[in-house]
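As structure tokens, here come the structures.
Paired with chain B in one complex and with chain C in the other, chain A is shared by the two complexes that follow.
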Partner chain A sequence: MKIDVRNLSKRFGSFVALKNVNLDIASGELLALLGPSGSGKTTLLRIIAGLDWADTGDVLFAGESAARLDVRKRHVGFVFQHYALFRHMTVFENVAFGLRVKPRRERKPEHEIVKRVKKLLEFVHIEGFADRYPDQLSGGQRQRVALARALAIEPNVLLLDEPFGALDAKVRKSLRRWLRDLHGELNVTSVLVTHDQEEALEVADRVVVMGNGKIEQVGSPEEIYNEPANSFVFDFIGESVKLPVRIENGGIWIGSRRLATNDELPSTGPARLFVRPHDLTFGEVSEAPLQGSVRSVRRIGALSFADVRLDCGGGDDFLVEASLPPETSVSPGDLVGLTPRRYRIYEDGAAESLTSASL
Partner chain B sequence: MVLVDAITDRQTGFGGAEESSGPARRSDFAAPAPKGASANTETPLIRVLLVLVALGFLTLFIVIPLVAVFVQAFSKGWAAYFSALTDPDAISAIRLTIIVAACSVAVNLFFGIIAAWTITKYRFPGKTLLVTLIDLPFSISPVVSGLVFVLLFGLQGFFGHWLQAHDIKILFAFPAILLATIFVTFPFVARELIPLMQEQGTSEEEAALSLGASGFTTFLRVTLPNIKWGLLYGVLLCNARAMGEFGAVSVVSGHIRGETNTMPLHIEILYNEYQLTAAFAVASLLALLALVTLVLKAVLERKLERKR
Partner chain C sequence: MASLSNTLRFREPSVIPGFGLTFGLTLTWLSVIVLIPLAALILYASRVGFDQFIAILTATRTLNALKLSFGIAFAAAIFNVIFGLIVAWALTRYEFPGRRIADAIVDIPFALPTAVAGIALATLYSPQGWIGQFLAPLGIQVTFTPLGILVALIFVGIPFVVRTVQPVLKDLDPELEFAAATLGATRWQVIRKVIAPTLLPAILTGFALAFARAVGEYGSVIFIAGNLPNISEIAPLLIVIRLEEFRYADATAIAVIMLFVAFIMLLIINRLQRWTEARG
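== the complex of A and B ==
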């Protein structure tokens, strides 16, 4: 089902949770709402579900206003961060709940309910645990039960609030893939809230980056990562290195060295250079626009990082983390040059980038 | 000037695993404090002495009086005991006590659940005040609780004239006794439920609603099973207090024999008339109630502990 969010605003006391948010969710897509805590993503999800109410604005389900529909009538499958399983019911009864509480006219006969629940339990691979209680299951198993329970009512839309947030890294990764496959099979419109960008970029068809109650960017995972719309997104997504630069005489200057010449730059003054650590290449000290000394080298799994203390002029030291290409080897104390291959320049205080470059 | 700006922000998936959630998590809360961890540096002599003091105190103030009640009650044999209990005034007092207790438990059950629900599931202004007000009957002298109703419904009271004009009897009759008992016992159910429901939060209810359950179904099938032991515990304490309440009821009852006397009031009258055996016979019933309450309380506490 297609869902349109129109001009939603919401405040809690003096805290503004959502500021005039507009969003179109296409039928059948898996959309991720990504943002730091307090960015309004969960509030937006709860308003779509009907668990919270917007101060102004509307949510349209297949073009029709859902403003007057409460959560019972919206037919949404909601998966909670901490599962919210009914603790006094078995796994089977948890999944059957939505089928059993239907009004008598719509309720299926008992044998059909049993059949459907069994099928759902098989679908989420927990058929062997039907008689267990939630506190006898692991976190991953509980989340599967929660998903089966939400799917039991054949929801118009599946809403997942940080579904894997309480799980450890390994389980999270496998559940993530599983969710991706499951969505491919079901094709139900799904909205996933997460603060974990890896999760959002891996699982979702489209990602909505939120910050301070506003939507900062909507796009495919590639767009979000490669073409961040503004400094907030650049900063939030992936690793980023920020360095002070000056724009003068038609060029971009880092300390006394010129990074690039560019006559079209509209203004003169201080700005910020944003670059991904893996876009910093090591090079000759004399030629590279950045230079510094290696302080330490770290290996994290297959990757190596070097902490480099940069001298950007003006007496300021900056510590940046640059990823080391596999063949390069440096040791602490080495003087190295760094060249940003791809970067963006943002004017101080402005969100839109002045220029970007790929060398 | 900032010397080192930790410029590389690590926002990859390392964060967010704040909580590992396995079956073990829940029990962490219930785990008792390590036993004997507090420095047991006292000499054995002092330890024995302290235990003896505690036991002696308990015996002196609780066990001896309790035994005395039963000894006095049976001091003239079984026949006297039963005739004291089957006296028409005694039977009337027992009946009134049971009816009052049953009614006030029912009322407090209903409003206690509503109060606990409102306080734990909604946000609204004046919530702290409401929580404080619920405790009021605990902190106020029962005599004052009774006097409040005299002030309201007595002849000189706010509604006195109106009630008299319409021939409605509240004071010195069943309604006032019930009202006073309800007032005094109100906190038990609500106080027991509020922390329990606070701990459980609202997400199970939200899940039920999102699955299409009505508010009532949600309460019946999700909320109630989660709070039932706490609820029973509250009811038990509420009932014990309702049956034993003396002060507030004494002020509003009017002490009419065979009509407005509850068991505690009946005992007082018998005692004042030097019918000691009869007084203690009726008192033994209340003592028995206390003992039964104590056992049930222990059972329920164990259940609650396991639930948590």
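== the complex of A and C ==
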């Protein structure tokens, strides 16, 4: 089902959780809401579910306002971070819960409920645990039960609130892939809330990056990573190095060195250069726009990394981890030059990129 | 050393020290305070002789007193479970002015001398009292009737239910209720299928404590009950009366049978509780 979020705002006391948020969720897509804690992503999810209420704005389910729709009537499947399974019920009864609480005239006969629950348990690969209680399962198994329980009501939309947050890294990774495959099979509109960018970028069709109650960028995982819309997204997604620069005389200056640019820059003043560590290449000390001394060298499998202490002028030091090309060898203490191949420049205080380059 | 694993041991090895000390103290305490007095009671009763024992128990006055004591204690415990649940719910679920004070008031029946409570209740519920004056026109007589005993036993039992249910209710994860609601459960279904089963062991404990307390209650009841033989005379009072008449055999026989019935009932509640917990 298509879900439209219109001008949502929400405050908790003096804290602004959501500021005029607009978002269109396409039918059948898997959307990730990604952001640091306090960015409003969970609040947005709970408002969509009907577990929380917006101060202003509306949520449309297939074009119809859901503002007055009770959580029971929304038919949302909600998966909680800490599973929220009913401890006094077996796995089977947990999954059957949504089928059993239906009003009598909508309720299916017992043998159909049994059939459906069995099918769901098979679907999430826990068919052997039907008679166990949640306390007798591992975290990964519990979350599968929670998912089967949410799917049992044939939800219009599946909402997942940090579903893998309480699991260890290995289980998290396998469940992530499994969720991706499962979504491919079911094609139910799904919204996943996570603070883990790797999870969002790997699983989702589209990623919504949120910060301070606002949507910072919406795009495919590639777009988010390669074309960050602003400094917040660049900083939040992936590794980044921030260096202070000045824009003077139509050029970008790092200390006393000039960074090669294609376009003439009109603005003058302090700015910041954002670059990914793997976009820094080693070069001649005399020519490269950045220079520094090697602090340490690490070899991890086939790759080598060097921690370089950059001198950007003004007495500030920056420690940067740069990947070494295979043929180069440096040792601690060496002076090296670094050239940013791809970078973005943001004026101080401004979110929009002033210029960017791929050399 | 080789025989270590084969011999039957009194306790499993544990890294937590102090078993000898705590077990010894437990046994001593239990013996001095509970077991020896109870054993003495049974020993004394055994001297009575079986026929006389049966004769004492089947006397109309004894039977009526026992029925009254256990029946009203049971009714009061049931009432306290319902009312105590509501109080615990209000105190944990809502934030309102005076909540802390209300929370403290719940414990007052624990601290108040029961005689004071009995006199206060008798005054309030007498036909001229603040509450009794409204009940009298309706034909409801509380003081000097079994109804008065019920009021007194409700008073002394209420904190037991509130204090056992409250912590469990506080720990109840609100996400469970959210999850049930998203799955389409009505509020009533959430209470019946999710909240009640979680609270059941605590409710049973509260019931058992309130019931046990009510069976043994003496001080508050005698001031409000009127103590008419066969109508509003509780078993503990009958024991005291027999003692004052120097009929020690009668007193011990009634005490032994009270002990026995109470023990059986608490054992059943305990079993029920185990059963509800085992499902979780």
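Following the convention adopted for this analysis, the second predicted complex is superposed on the first by the 343 of 359 C-alpha atoms of A that agree within 3 Å, B and C clash if a C-alpha of one lies under 4 Å from a C-alpha of the other, contacts with A are read in each partner's own complex, and residues count from 1 in each chain.
Here is the rule we use: a contact is a pair of C-beta atoms (placed from the backbone, for glycine too) under 8 Å apart; a residue touches a chain by one contact, two chains touch by 3 or more.
None of these values were measured; they are calculated from a predicted model.
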Quiz prompt | chain A as common anchor, with chain B and chain C clashing or fitting | solution = clash
Exercise. Could you look at A:P277 and tell me whether it touches chain B, chain C, both or neither (first, second, both, neither)?
Key: first
Practice problem: Please work out whether A:L167 is in contact with chain B alone, chain C alone, both, or neither, and reply first, second, both or neither. | Solution: first
Practice problem: Tell me which partner A:A49 touches in the superposition: chain B (first), chain C (second), both or neither. | Solution: both
Practice problem: For A:Y225, decide between first (touching chain B), second (touching chain C), both and neither. | Solution: neither
Exercise. With both structures superposed, pick whichever of chain B and chain C touches the larger number of chain A residues.
Key: B
Exercise. Answer with first, second, both or neither: which of chain B and chain C does A:F123 touch in the superposed model?
Key: neither
Practice problem: May I ask you to decide whether A:H195 touches chain B, chain C, both, or neither, giving the answer as first, second, both or neither? | Solution: first
Quiz item: Looking at the overlay, does A:A84 come into contact with chain B only (first), chain C only (second), both, or neither?
Solution: both
Self-check item: Residues of chain A contacting chain B in one complex and chain C in the other
Solution: 49-51, 71-72, 74-78, 80, 82, 84-88, 97-98, 101-102, 135, 149-150, 152-153
Quiz item: How about chain C: which of its residues touch chain A in the complex?
Solution: 173, 175-176, 178-186, 189, 193-194, 197-198, 279-280
Quiz item: Which residues of chain B touch chain A in their complex?
Solution: 1-13, 15-17, 19-23, 26, 203-204, 206-214, 217, 221-222, 225-226
Quiz item: So in the complex, which bits of chain A are touching chain C?
Solution: 49-51, 71-72, 74-78, 80, 82, 84-88, 97-98, 101-102, 133, 135, 149-150, 152-153
Quiz prompt | Residues of chain A defined as touching chain B within the complex | solution = 49-51, 70-72, 74-78, 80, 82, 84-88, 97-98, 101-102, 135-139, 142, 146, 149-150, 152-153, 162, 165-169, 172, 195-199, 235-243, 277, 309, 315-321
